[in-house]
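What follows is a pair of complexes built around subunit A, which joins subunit B in one and subunit C in the other.
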Partner chain A sequence: MENNIAIKELILKMADDALIIGHRNSEWTGIGPVLEEDIAFSSMSQDKIGHAWALYMILQEPFGDIDADTKAFNRTEKEFTCCHLVEYPIGEYDFSIMRHFLMDKAEYHRYDLLTQSSFLPLQHLSKKVKGEIKYHVMHAETWVEQLAKGNEESKARIQSALDYAYPIALSIFEKSDNEEFLKNENIFGGEEALFNLWHEDVKKHIEHYGLKMPSVTDMNKHYGGRKGYHTEHLAPLLKEMTEVFALDPKAEW
Partner chain B sequence: MVETNNISIEQIWTLLEAVKDPEIPVLSLVDLGMITGVAFVEEHVEIKMAPTFTGCPALAYMQKQIKNQIEKNTGIPTEVIIDKETQWTSDNISIAGKEKLKKFGIAPPMKKACGISMQSLKYVPCPYCNSADTVLRSTFGSTLCRAMHYCNSCKQSFEQFKPI
Partner chain C sequence: MKDKSLDPRINRLDMQHVENGVLPTNTHWVTYEVFHQDKRGKQPIHVGVVHAASPELALMFAKEQYARRKATANLWVVKSSDVYTYSPADEDIFETTPEKTFREPGFYKVRDRIEAYKNKI
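The block that comes next holds the complex of A and B.
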């Protein structure tokens, strides 16, 4: 049973991250700096919400949880286990691009690790999702490099977006108390292993782009999300996201 | 081979060829390589389908189309199951499917073995004039499975079915 709790926790946080970042980034639809970016952010958001749906389905099918829509739209803030990084408003484009870079690199490595998972529903889904996230990563890399190598202003802005977003991005790697089970059962290699892969990859790219890696001493400053403690930004997001669903939760669409 | 109402598995496959991708109407789900299994299970037909993209919004629509097509033509109850164990890749698209895509004006995906990187995605021959002088506009397009390109030779925008 403990094993199930650990697996369910892992799937739920992945799903909540995907749903919330998907919703956040969909806010760029119609207001992107160029038309292609409108489309790119919209497509990536659609992918993410699809990933969230597929993960909620795993909770529903083998574990008998509630259906995906109810899971997505009918929980209290405290029941969400997304990390703080995905909750922040879209802000300026430099922040959104940097968050996208840091988040998708973590997602890519997480799904990559999970392609070896002994928990088959997650292994199968990860093999599929990894290929989709690859496109998200390529999009993020292209833009971070372009802005880093653009002009003085774009370089300064993307550096300051990195300095701001990087400590918040560490919220992704907040450990669960049940993580040992996942490691022992070869379900997931754990947040620390994931962080190490992510850090090496991010550092390599950031330095290649001529940017400076921020030095962070306090890993857990933005922790809490995985345990249901969120930033002030999540509640308004949930309110907006669930507005239509809440009018009639039992409606047949 | 189990047969029900004198219908064979081969006939089911033939019937499936008429079920088209709602976003690319020249292409059948068979051309796309999305059908991963057809079997008679007890008194019904069971069809397995692997989605192209996890978040594809047309999935439920396609399931319904398949069910209607088989039930209407054979009278046998049909169940369409999403195959989660098989991961669809663009390499599943048949040669005939790639030819149909090109005729429709969408550049077919290159084999995944060619690598998926910004570099390898840049050079896609134009489906209209075959020119190699094209540029990648965006790796995201009008649907989840398409990227946008521009041909410098015939001065037209075109889409590519992304390798995935």
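The block that comes next holds the complex of A and C.
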């Protein structure tokens, strides 16, 4: 079915976003700011890998794609459709927390829209992961508020992290040429609708914390990821992530 | 100064300040006691502590540390300094002398006395 292209595209970008952010955030394991946060952040990274796995399984099961491990570990950079936001290195903790805030708010609204999806595998998955994503958002909100209301230094740092990460976060909402089909078939409301929900929510919280929303004129600056054009940061990540798999791609785990 | 440890958890402790005899101040969060409730209506049970900068963050940390691997209905966190307790030196106040058997229900052989009274009339 030709129109499956649109659904497959949606699932693949969601899966690739989850896989890459999961891998990135797991880089904090062992070096998180405090033990308790290390555990929480690592656990959420594992949740993300779980979401990626579940999405790759949907590609495999109704659509007859390759198995999840091969899909995750045996593709070229060009075949990935994650957005630029998830590719950036972890940086300092203020950036990682701000990216977590911006990314998980988008995930939350995306899955929330999908709870109404006419495509049942996505509808079921979105209901299943709702609680996990809700916790991820609560965790991110609690941290951003803590830092915004901490002291002058923490407020300045979380504001500059927001100024830096916000334009990159717009890469999440790069539209697909096949979106009309998803909207017409009530599968997914589209990236613009998602952006509007996200923007309203982010703005409300950022202003409530006493921070300033950055003004962005160029929405498209960080687009490209959904079409396979990535930042310089993705290739080294993929090399590291697939190192063990590449030793013996046929090994049974 | 010694070389940095290969273990990131050691480096995170910022030990060089301690080794120079100067304890860092204001770098540690307070602790919160965590209580875990496995079902609605059941009493929360104390399971441990977390370090956190605020009660809200303490709840976030407690979830991943104490609710990740078991059924959970809710969690409570209480600042450790808000828990009042006896001094360990006073543990002896909880000892009961063996002679005070009159404080235990087994001391009263009521049935025997009822029988004895019945036999009398």
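Basically, the second predicted complex is superposed on the first by the 252 of 253 C-alpha atoms of A that agree within 3 Å, B and C clash if a C-alpha of one lies under 4 Å from a C-alpha of the other, contacts with A are read in each partner's own complex, and residues count from 1 in each chain.
Simple rule for what comes next: contacts are C-beta pairs under 8 Å (C-beta built on N, C-alpha and C of every residue); 3 or more make two chains touch, one makes a residue touch a chain.
In this text the structure is predicted, and so the values were computed from the model without any measurement.
Undergrad: Do subunit B and subunit C fit side by side on subunit A in the superposed arrangement, or is it a clash?
TA: clash
Undergrad: Does the superposition put A:30 against subunit B (first), subunit C (second), both, or neither?
TA: Only subunit C is touched by A:30; subunit B is not.
Undergrad: Is A:135 touching anything from subunit B or subunit C once the two structures are fitted on A? First, second, both or neither.
TA: Touch status of A:135: both partners.
Undergrad: Spot which of subunit B and subunit C makes contact with more residues of subunit A, would you?
TA: Counting residues of subunit A touched by each partner, the higher count goes to B.
Undergrad: So, does A:53 touch the first partner subunit B, the second partner subunit C, both, or neither?
TA: first
Undergrad: Identify the partner contact of A:39: answer first if only subunit B is touched, second if only subunit C is, both if each is, neither if none is.
TA: both
Undergrad: Regarding the shared-chain residue A:168, is it in contact with subunit B (first), subunit C (second), both, or neither?
TA: neither
Undergrad: Where does A:241 make contact in the superposed view: on subunit B (first), on subunit C (second), on both, or on neither?
TA: Touch partners of A:241: none, neither subunit B nor subunit C.
Undergrad: Scan A:143 for contacts with subunit B and subunit C and give back first, second, both or neither.
TA: Once the two structures are laid over each other on A, A:143 reaches subunit C alone.
Undergrad: Can you list the residues of subunit A that meet both subunit B and subunit C?
TA: Looking at subunit A, the two contact sets intersect at 36, 39-40, 43-44, 135, 138-139, 142.
Undergrad: Could you please specify the touching residues of subunit B with respect to subunit A in the complex?
TA: Within the complex, subunit B touches subunit A at residues 53-57, 84-85, 87-89, 116-118, 121, 137-142, 144, 148, 162, 164.
Undergrad: Can you name the residues of subunit A that touch subunit C in the complex?
TA: Subunit A residues touching subunit C: 30-37, 39-40, 43-44, 135, 138-139, 142-143, 145-146, 150.
Undergrad: For subunit A, which residues count as touching subunit B in their complex?
TA: Residues 36, 39-40, 42-44, 46-51, 53-54, 120-121, 124-125, 127-129, 131-132, 134-135, 138-139, 141-142.
Undergrad: What does subunit C use to touch subunit A in their complex?
TA: 8-9, 11-12, 29, 50-54, 56-57, 60-61, 63-65, 68
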